[in-house]
Amino acid sequence: MTPCEIKNTLVSILSIPTHGVTMADIRSLQDAVADLVHDGDTVAMEGFTHLIPYAAAHEVIRQGITDLTLVRMTPDVIYDQLIGAGLVRKLVFSWGGNPGVGSLHRFRDAIENGWPRPLELDEHSHAGMANRYVAGASKLPFAVLRGYRGSDIPTRTDTVSTVVCPFTGEELAAVAALNPDVTVIHAQQADRAGNVQMWGLTGVQKEAALAADRVLVTVEEIVEELMPRPGGIVLPTWVIDAVSVVPGGAHPSYATGYSTRDNDFYQAWDPIARDREAFARWIDAYVRDSEGALTR
Amino acid sequence: MTATPAGTADFTSDELMEVNAARALADATTCFVGIGLPSTAANLARATVNPGLVLIYESGTIGSKPTRLPLSIGDGELAETADAVVPVPEMFNYWLQGGRIDVGFLGAAQVDRYANINTTVVDRGPDKPEGRLPGAGGAPEIASNCGKVLMVLRHSTRNFVERLDFVTTLGHGGGPGDRKKLGMPGAGPTAVITDLGVLRPDPATAELVLTEVHPDVTVERVRAATGWELTVAGTVGTTEPPTPQELAALRALKAAGKPEQPGKPEQPGKETR
Amino acid sequence: MTATPAGTADFTSDELMEVNAARALADATTCFVGIGLPSTAANLARATVNPGLVLIYESGTIGSKPTRLPLSIGDGELAETADAVVPVPEMFNYWLQGGRIDVGFLGAAQVDRYANINTTVVDRGPDKPEGRLPGAGGAPEIASNCGKVLMVLRHSTRNFVERLDFVTTLGHGGGPGDRKKLGMPGAGPTAVITDLGVLRPDPATAELVLTEVHPDVTVERVRAATGWELTVAGTVGTTEPPTPQELAALRALKAAGKPEQPGKPEQPGKETR
Amino acid sequence: MTPCEIKNTLVSILSIPTHGVTMADIRSLQDAVADLVHDGDTVAMEGFTHLIPYAAAHEVIRQGITDLTLVRMTPDVIYDQLIGAGLVRKLVFSWGGNPGVGSLHRFRDAIENGWPRPLELDEHSHAGMANRYVAGASKLPFAVLRGYRGSDIPTRTDTVSTVVCPFTGEELAAVAALNPDVTVIHAQQADRAGNVQMWGLTGVQKEAALAADRVLVTVEEIVEELMPRPGGIVLPTWVIDAVSVVPGGAHPSYATGYSTRDNDFYQAWDPIARDREAFARWIDAYVRDSEGALTR
């Protein structure tokens, strides 16, 4: 019996079934979105102002994946676009504005006028949303915080409740865990094995990724080796399903070390989004029929 | 925004509001900064009355020292100049809920006489759908957990209302003791700074009382801009006009806030990737 | 530890245990590694049957690739060679409780027939105080939350007991279904690897059954070293002796585990600062 | 009125009382320990194998600060020494061994034989302890985990209980928050303002520090500027009470970038700690009467 045969025999005797852990595939954004994001999914595209995965959202628009429940602390222009495109059934969020500019007009139009379709809301505070992701990543059904006190928010959601501390008797807020079907994030770098590193403001991306069933990461570039960075967060390949290389994939948001926030875009978005037709023209010109759409 | 002459300098009522808001941070040590007016005030405080003020933004930055006004709470410079950058859940759990932050600085869409805040929805009448506002963001827990809360917003009957359409964030509830009853650790709102003057809660009733007006602003004008029957302090002070230094610092911050964007697209919609 | 001849190589029963424990990780993807025998086995697996095995230590390292056996779970090399280093609370909450880990590899002071574990206290008789063991460490949640659990310990009636003096960590409780009743996500212990052979839970009863013995070990010898009436599988296999490669890898790991300490003090007690 | 007078007037009108936030003092270890650690205190000296604050513990021994409740996930040799020195009333912990070597003999002697004094225990799992610190840092009275299931541990402590998820009905473990009077940690660097940075394995030090009323940090050195490091954690000066410069202050533990773990010391500790007299001689020779004792 050769060592190899011995090994195989022993494997059959002693081995245990794997837990379903696999490496991330590096693949085109088009294929990755088609495989991982389905009609009716609950999808979190996170990134707190920084590293917002716009390119992936645009691919969702191009593929017309619809009836989505979108989750994000700050819907931002990325969800304004998806909502305006008519793909969103429900929004789970905590602050829906265009940061430093004003309203998200597509978001408002959907809520106030049901255009292009009614938008159901599950609305929280930032602290509540952050803790909902923490519970999700921890595979706990809920998280505890000292929050929502005196607020009307709990009257409009069924995902805030209370628990009593068994030691002190204090009543605290409980928020239900968030476990998206898919989380999509943008990061600076991946290596060839599909390990990912992001740095700068890292928001709730780690929690959102670890809370999800499936994870898609777009990256600025593939590097030979991930060099540890100050403030860097590494997600190992075996918690990620697919990595797609999309340089500039966070624009008009930004990727520290690669680009700066395009504040002008955020300001220019306001008049575009105010007008249904201007919005439709923009989506057609810059998302549906863009050159990028053809090459991805 | 009407320009008001004051000695050698001209300044707007907005500028006076911003300068007063910055002055209110003179003794603060750490400030949880909302975007917009609060961020202007906090950055101006660092440039004038309180260079050591520790700015904390909900995007996760502790000790940011921006050289220009950030447009969003996640602008790159906030992280690059910070003493520490932490994940967002840590920010809310260890730092804010952990009672580490001295002053919370908030804006508001609607405020009532007890400094309760609405940033969620407004009632636009029986035949119209609710008007949508951005929502809570960090405010409910900022107002609950910071040592004190300062508010800054423009004064009008649209903003200063008899009754909120929705309570997003509790200020003083329905009167003194309500915060304690709800187990809120911080003292709650201590001042509401507007473009007309300053309101503070009466310790006995927790109701906002007009304590200072800006130069050339009459008490009557403030009453007219307030949606409830405004109580006025026995002696109403007049706030000091901005010093030339304050005004210069404020204008420099704002001018620096509009830098040429590297890689700025020719068309607004054009994506650069 | 008696040396047992096997073909060209001499090896000890401990070495055979370690090699078998490493082989049990052949198909594992991620392993939460306790210090001591589990760490030896997991590192040997990386050097032999499973070079891609992701080692996770409770000190916060994910994907450590040590070149020598760490003495403690916090040796510097574990962090330096890791894919990621995370804070300890994150390790237990997001990674372990988060269901991210395939195999937990544990040692034990006492184990019973249902693979329950005691590492807390031992009863030393009516006139004597309880004997103190180290305590739980990560084991209760490792055993609960990993996909499966492997155990490795030396076989004696002191360790394999009829009744635990204290249940630190639940294995299969009192029989099949107990884990499910308690809401434990993972499948629990699937093998107990000792210096005499391998025990596995009977799927019908969850009781540990002797399924393999090491070469030259009799079933009677295992029975005598077990504190309960040991059930023996219908067919008891014999484990393969270590290959020369396995033995060389194991011995190299252990030799590398005792490096010259830089700045090693002359006296044991001397502090170098 | 000069600008300065204006400022002072306005401060008196508009200023709000400070919340008690102050900068850390940089001072001698002797003074810092004397000021911050008191008889009867609950003290956490954390550091998961790495960065264990031995020098500070030795200063506690020299000053004879006693009746302490000590908190640490892994008591390690540092607490073996404090326990053997008779200063400890109670121990809150989750794994009490000499890592990779064997028992902590002073810890065992105190528990089994009450020598030199009885030792009360509050015993947990690592997951429980980590979450107790998280609750403490979050100023919540408790934390939730899926833990202790089927274990006898809850029968011996009053700081494990249960809560029921208000959304799913699942019963989960609740652990009481840990809020030490003082937390003592060792870090690599501080700047002159007292901001501290540590890197490498950072364990539960952030949580332990933020959970405590008072914080003492010993550091390898003071640097002009803290350069952000991969894996670095910064504690701002205003959450720290005192910083003391103690190069090598983690020995026989280590400080990544400055020293390696003295595994030989850990092995040599075993025979010293086995014997009460050998232990007493060691403490006298290397702690009470050491040169270090005089210069600190």
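To keep things simple, chains are lettered A, B, C and D as they appear, and every chain counts its residues starting from 1.
Following the convention adopted for this analysis, a residue touches a chain if its C-beta (ideal position, glycine included) is under 8 Å from a C-beta of that chain, and two chains touch if they have at least 3 such contacts.
A quick map from chain label to UniProt name: B, C = CoA-transferase subunit beta.
Quick caveat: nothing in here was measured; it's all calculated off a predicted structure.
Subunit B (CoA-transferase subunit beta) and subunit D have CA centres that are 38 Å apart.
The centroid of the Cα atoms in subunit A and the matching centroid in subunit B (CoA-transferase subunit beta) are 30 Å apart.
Contacts with at least two other chains are made by residues 134, 138-140, 145-146, 170, 206-207, 231 of subunit D.
In subunit B (CoA-transferase subunit beta), the residues that reach two or more other chains under the touch definition are 93, 97, 185. An unclassified topology is adopted by the chain contact network, corresponding to no line, ring, star or complete arrangement.
Applying the touch definition to all chain combinations yields A-B, A-C, A-D, B-D, C-D. Contact residues on subunit C (CoA-transferase subunit beta) toward subunit D in their complex (touch as defined above): 35-36, 58-61, 70-76, 78-80, 85, 87-89, 91-93, 96-97, 116, 120, 129-132, 134-141, 144-145, 166-170, 173, 178-179, 182-185, 261-265, 268-273. Residues of subunit A that touch subunit D in their complex: 138-146, 159, 161-168, 170, 172, 174, 176, 228-232.
Interface residues of subunit D facing subunit B (CoA-transferase subunit beta) in the complex, by the touch rule stated above, are 3, 6-7, 9-11, 13-19, 21-22, 134, 137-140, 195, 206-207, 210, 233-236, 238-239. Contact residues of subunit B (CoA-transferase subunit beta) toward subunit D in the complex are 20, 23-24, 26-30, 49, 54, 62-63, 83-84, 93-94, 97-103, 147-148, 150, 185, 190-191, 198, 212, 237, 239-240, 243, 245. Subunit A makes touch with subunit B (CoA-transferase subunit beta) in their complex at residues 48-50, 54-55, 73-74, 93-97, 99-101, 103-104, 107-108, 111-113, 123-127, 130-131, 133-134, 145-153, 170-171, 200-204, 206-207, 231, 246-249, 251-252, 254, 256, 259-266, 268-269, 272, 282, 285-286, 290, 292.
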